[in-house]
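You will see two complexes here that share chain A, one where it goes with chain B and one where it goes with chain C.
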Partner chain A sequence: MFHKKEKIESMWLNSAERNNSKAKIEQKIKKEIQEEYRRQADSLRKRDDFREELEYFLEILSLPISPREVKKRFSGPFVGLYCIQAPLELFDALGFHPIRLCSGSLAIQRLSAPFLPALSCPLIKSCISAFYLDESIEKLCDIVVVPTTCDWNTKLPEMIPEKASPLYIMELPHIKESERGQIRWLEEIYELKRFLQQRAGRKLNRRQLQISVNKYMKGWQVFGRLIEFRRKRLICGTWSIVLANAFMIDDVESWTERVNIVLKNYGNPKGNSNPGVFLAGSPVFFPYLKISELIEEAGMDILADELCTSERLMASVVYDEPSEYGLLKALSERYHLPCSCPTYIDNDRRLKNILNTMRAYNIKGIVYHLLKGCHPYDIESFYFEKVIKENGFHFLKIESDYSREDRQNILARLEAFRETLC
Partner chain B sequence: MKVYESRFLIQSISFAVLTYGGRLGLRLGHWLPCFACPYVGSCSGHCYLMALQRSQWGFQIPFAEFISVWGLRALGMFAGFVLLTLVLSKAWCGWICPFGTLQDWIAFLRRKLGIKELQFSWSLRDRLKPIKYIFLILLIVIPILIANAGLHSDFGLPFCQICPAKKLMPIFQGNFRYFAVDVTNPITVFMTIVSLILTAVFFVGMFFKDRFFCLFCPLLAMISFFDKIGFVRLKKKVDACTSCGNCQRICPVDIREVHLEKEKKNVLTQDCMLCLKCVESCPQDGVLSFRFLNKTIFSSSKNYISKCFIKKKR
Partner chain C sequence: MITIGIDLGTAAIKVVFIDKDNFLWGKALPTLPQHVKICEQLLKEGMETVSVKKEDIAGIATTGYGKRLFPGSKKIIDEISANAVGACVLSKRRARTIINIGGQDVKVIKVSPEGKVEDFKMNDKCAAGTGRFFEMAGRILDAPVGEFGDLSFQSLSQVCINSTCAVFAESEIVSLLSMGKSRNDIIAGLHKSVARRISELTGSLYLEEAIYLDGGPAANKGLNLAIKEELMRDINVFERPQFTVAFGAAIILSEKMSVN
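Up next is the complex of A and B:
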């Protein structure tokens, strides 16, 4: 199932950079990655709406380039997560620190480029590459949990090196609103619980789980306020995405506290009347903030989004059965039913929700961001365009990857799109 | 005051009034759309199901007398029941019914002990639905047969005879008499044994499953006939629902329609008892709302959830 490590190394050495030694190249790439993260963080710091309180989140988002810092900052053991379907509360209750292994780094992609299909999802390319670094968050993790959402995730075990962190696959039922789908996913949650108990060497305590659920509910509460701020243009789209991105790495309690501080001190209405847009489509993760930055540069405000790295991250868990079964059922449903990833089959509510939000906040257009190679979103975009336009809204599809070359091109298209909204 | 707190308060007051109010001379009539059991000596009102089975205001009457003073009396009683039902609809079940309250208290105990609730599959849950109509038909047909076809009169008040409330509610008055097997004749022996078995099943059932008896309640079936014309509505803004499933999971009687509905705006369904837990647990602002005569009394919101379901201290 897995590639042999030697085979991969030989492929790697046979690639374009065969003349340099492996260590040297890796060193070079590392520097490039650090430079990439630094450049993005600096460009955010230079913005007019930067405040000191936001520095914390930039620090958190820069952690992937210094895994040792991660170890110092948080108490392990660490669990790496792909996508947003594994229940964070369960990890927390058993003493694990969950980290979402998203990556928006372009520089890192060179490490895995030789043995991935040419048109690979950039996010997966970057994530897989991190396994080839001698030091990365991915390697810090005791377990990496992969739900079978899109094809890229399903094939992930074959793409990463053999001796990387042990993978734990969760089979995701792609029909949510059926009894068998819900039962199936609950079984997966139970199985994950058993696996984690074994790893942690202790049993799950339901009181502890209740405490963890409460912690994340507090996070949800403050996240709801952040979204409200954003809708009222008190905080811009890019910063909202940065804050949400940081949630995926940070400890939930300190994240909640820090966002609260931001919301307390932030909040000068900008007073301008830029047209608002809705950002939909493929995930956006630091340092790949090109799309949101360009939308703002073109003179539009992202009042709402439905990205799995931003507004779709959190949902509420309400339960009235405090038995272990009751809690796990609540968690299984919270991470399954409201998720509107395009890999689900019964996903008709997603579009309705988007249209509803657009109407409620007088948003006239939707920017549909598409990462090249992100098939589920790509397939869906055509139907989306049709329905969105039928409902009298404007639609712009932007297909891109992590490279910087197309910035001018995208900016020109966005500026033209802005004209249609005015 | 939070909805579940006011509900608990109203339920407790109703329980006290309907169970002990008779001692204070309170008489609320024989038309109550809830299980205010007439076998509790100190009760202040009677469950309409009993009136329905009796000869005085119900169906145990020869056909010839249907159009007579009797008919008017029965119609008057029915009109009283309908009026009360139209005003409060299922809120009678979720907020007033003393037997429902008793079930909630027993289920509360289970929750405190952290015991898992009994789970029914979707298909089993659907198959249970018609049973309440069977009870309803039987409790009308048997009295008619007694009065017209010579069925033994010991089958009289058939539903009351087997109703677990008849056994359980008088306990609150210190009366255990109805647990005895009536050995008058084979019919009474049969009926009391059936009732004892049913009481045992329902008593265990209501510990392991929320509102277990309500899944079979014929009075609920009668109340639900008037859902469409009643003053009360449970509305859903279908476009804004994110399908989080909170309402489906938290519903004591496992109603799925509130969650799964994508077209219809009214989600007051047959088994709903308006406990409003779904509205409380919905995190989308205004997606679910409880309306009385087109006026929104309570609607779902993020803030409500933050207030009710998040503990401030660890």
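Up next is the complex of A and C:
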């Protein structure tokens, strides 16, 4: 499906004078965004556990404020992705550089605020705002792929301004553990392949696809090691999230190489015995690292998470049969079946995964993070709280947004939560 | 030896002097930007009243939102844990659920017989149903918050207040006044509205007996009655509900020092 948008941007003022005023406001907001990114990166650099080799990832995560650097650093064409269901390997095989379009910027939200419901998901607000900038990664993309996950994503085409890159919608089957759902998703993957071939002006080469799958496999292996390091407290939760966030923008080979370097230097366990927690719920993306930072400030270690901007990213594609069908089927399965996004109807897997991880690593509590307006996670939180407590674990739900003013309120709760775990 | 607890809250700074687990003295002053000055002023007054010298003081524990702002703190304690311990000692280990109405938040805390926090709920960034909410109402209704309880008992026909949002309730109160509703009826309506909000906050937390109410607004008997009716449970109120958290902080420090 190919979407052409009606004019929303005409809601921006028309006359030359008004355009001039719009440009001034945009300049001001741009400065605020740059300041927000800089402030967050600086605060990470000031941490005791900052190492020189982590600077690379901060650079990658700062790319959204300098999209021209993206062009210099990576070879296009670029495909912008929402959510995590579209297989990265397929884009790579057809010569596209996939970038996951996420944003944790508060400052940018002002650009889209007049056109969106007040209680919109903050992540969506920030992502859509980026389309209103004269230069952004979002606008750099040759195509933008949107799987119909949550309601916000489903309505995304309506919210994105006209000048945005062409949108390609993938219809996500919300029942996944049925043969019908899997067949439908495979059909969607084939349809995506046809669309990408058309855009790339060439056919998908089976061998190239296999090379891409193998290339990513190395990335998944390192991702697995990163998770293992975190479980053993060899690297902290915030840095793990930073590295995982960078995966969403970076070229997979560079990311793999750089993470390997980091892991080499992070071989010593931390000398403390902070209680371990599991971070669940809505995505956390740079520069919005408030939740993980506050959890650590309160004296807890995030030993695991299930965020779609962190551990859930890991697709770990393996294939039995290297034919084009075999590879595409493997991709279709790995990006759909294990995904525990709460927008699925049959999602028992999510809770089971969390409970299993908590038992396996002696994690006593779960911090359930909710972005205001993130309804699927909110809906699941009530049942989760009940089951998690019934299983003898502690549960703390924190609802927030990208603003900073609730830091003290959240910290107070986290500090008390820590006491319940001791 | 004397131990001191300071609760640097958003609405008031409370200082409590204890000897072991005996409450000796406590006083609160409104929170102003000069946190340290206010603390020092209260400490001076407390020392004079209790007749203690600096060398008789074992240490000071701080809690509340400004807990890190006082440089002389020997132990910084989160306000939820301090509240749990304070309520446990003051209730002679009877308290199982605490409802704390603070300056800008409401907390519901489940506590073990040993004073350990078992679970808790707290409102997100919103001043609905908190001390700030009552301050706003007191300003518009031109009535001291301390008299809200008695005034609400004089209500003849309680008014329904739909909003607990501190901003929207303000305009609702103004409208009600202009419609000729009596101040007492509006205050009774406010109590009901806050009680409903607290009842919603308790959510999935099972309110185990005995339930204790504390925090500044807990001194309001009208509000206590409304909460009791809304929760359909017996509610206990401490003699000095504003000081439970500071008291708890002092107890934690005192116990820690005696262990050491």
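In the analysis below, the second predicted complex is superposed on the first by the 402 of 422 C-alpha atoms of A that agree within 3 Å, B and C clash if a C-alpha of one lies under 4 Å from a C-alpha of the other, contacts with A are read in each partner's own complex, and residues count from 1 in each chain.
We adopt the following convention: contacts are C-beta pairs under 8 Å (C-beta built on N, C-alpha and C of every residue); 3 or more make two chains touch, one makes a residue touch a chain.
What you see is a predicted model; the values in this text were computed from it and never measured.
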Using the superposition on chain A described above, determine whether A:306 touches chain B (first), chain C (second), both, or neither. neither
Touch check for A:296: first (chain B), second (chain C), both, or neither? neither
Going by the contact rule set out at the top, does A:250 touch chain B (first), chain C (second), both, or neither? neither
Looking at A:400, would you say it contacts chain B, chain C, both, or neither? Reply first, second, both or neither. second
So, does A:348 touch the first partner chain B, the second partner chain C, both, or neither? first
Counting residues of chain A in contact, which comes out ahead: chain B or chain C? B
Which partner does A:413 contact after superposing on A: first (chain B), second (chain C), both, neither? second
Touched partner set for A:386, first chain B, second chain C, both or neither: second
Please output the residues of chain B touching chain A within their complex, sorted ascending. 111, 114-117, 121-122, 237-246, 248-250, 260, 262, 277, 280-281, 283, 302, 305-306, 309-311, 314
In the complex formed with chain A, which residues of chain C make contact? 65, 78-81, 105, 116-120, 122, 124-125, 204
Residue positions on chain A within touch of chain B in the complex are 176-177, 179, 206, 211, 214, 217-218, 221, 224, 315-326, 329-330, 333-334, 336-338, 340, 348-349, 352-353, 355-356, 360
Touching residues on chain A, where the partner in the complex is chain C: 382, 385-386, 389, 394, 399-400, 405-406, 408-409, 412-413, 415-420
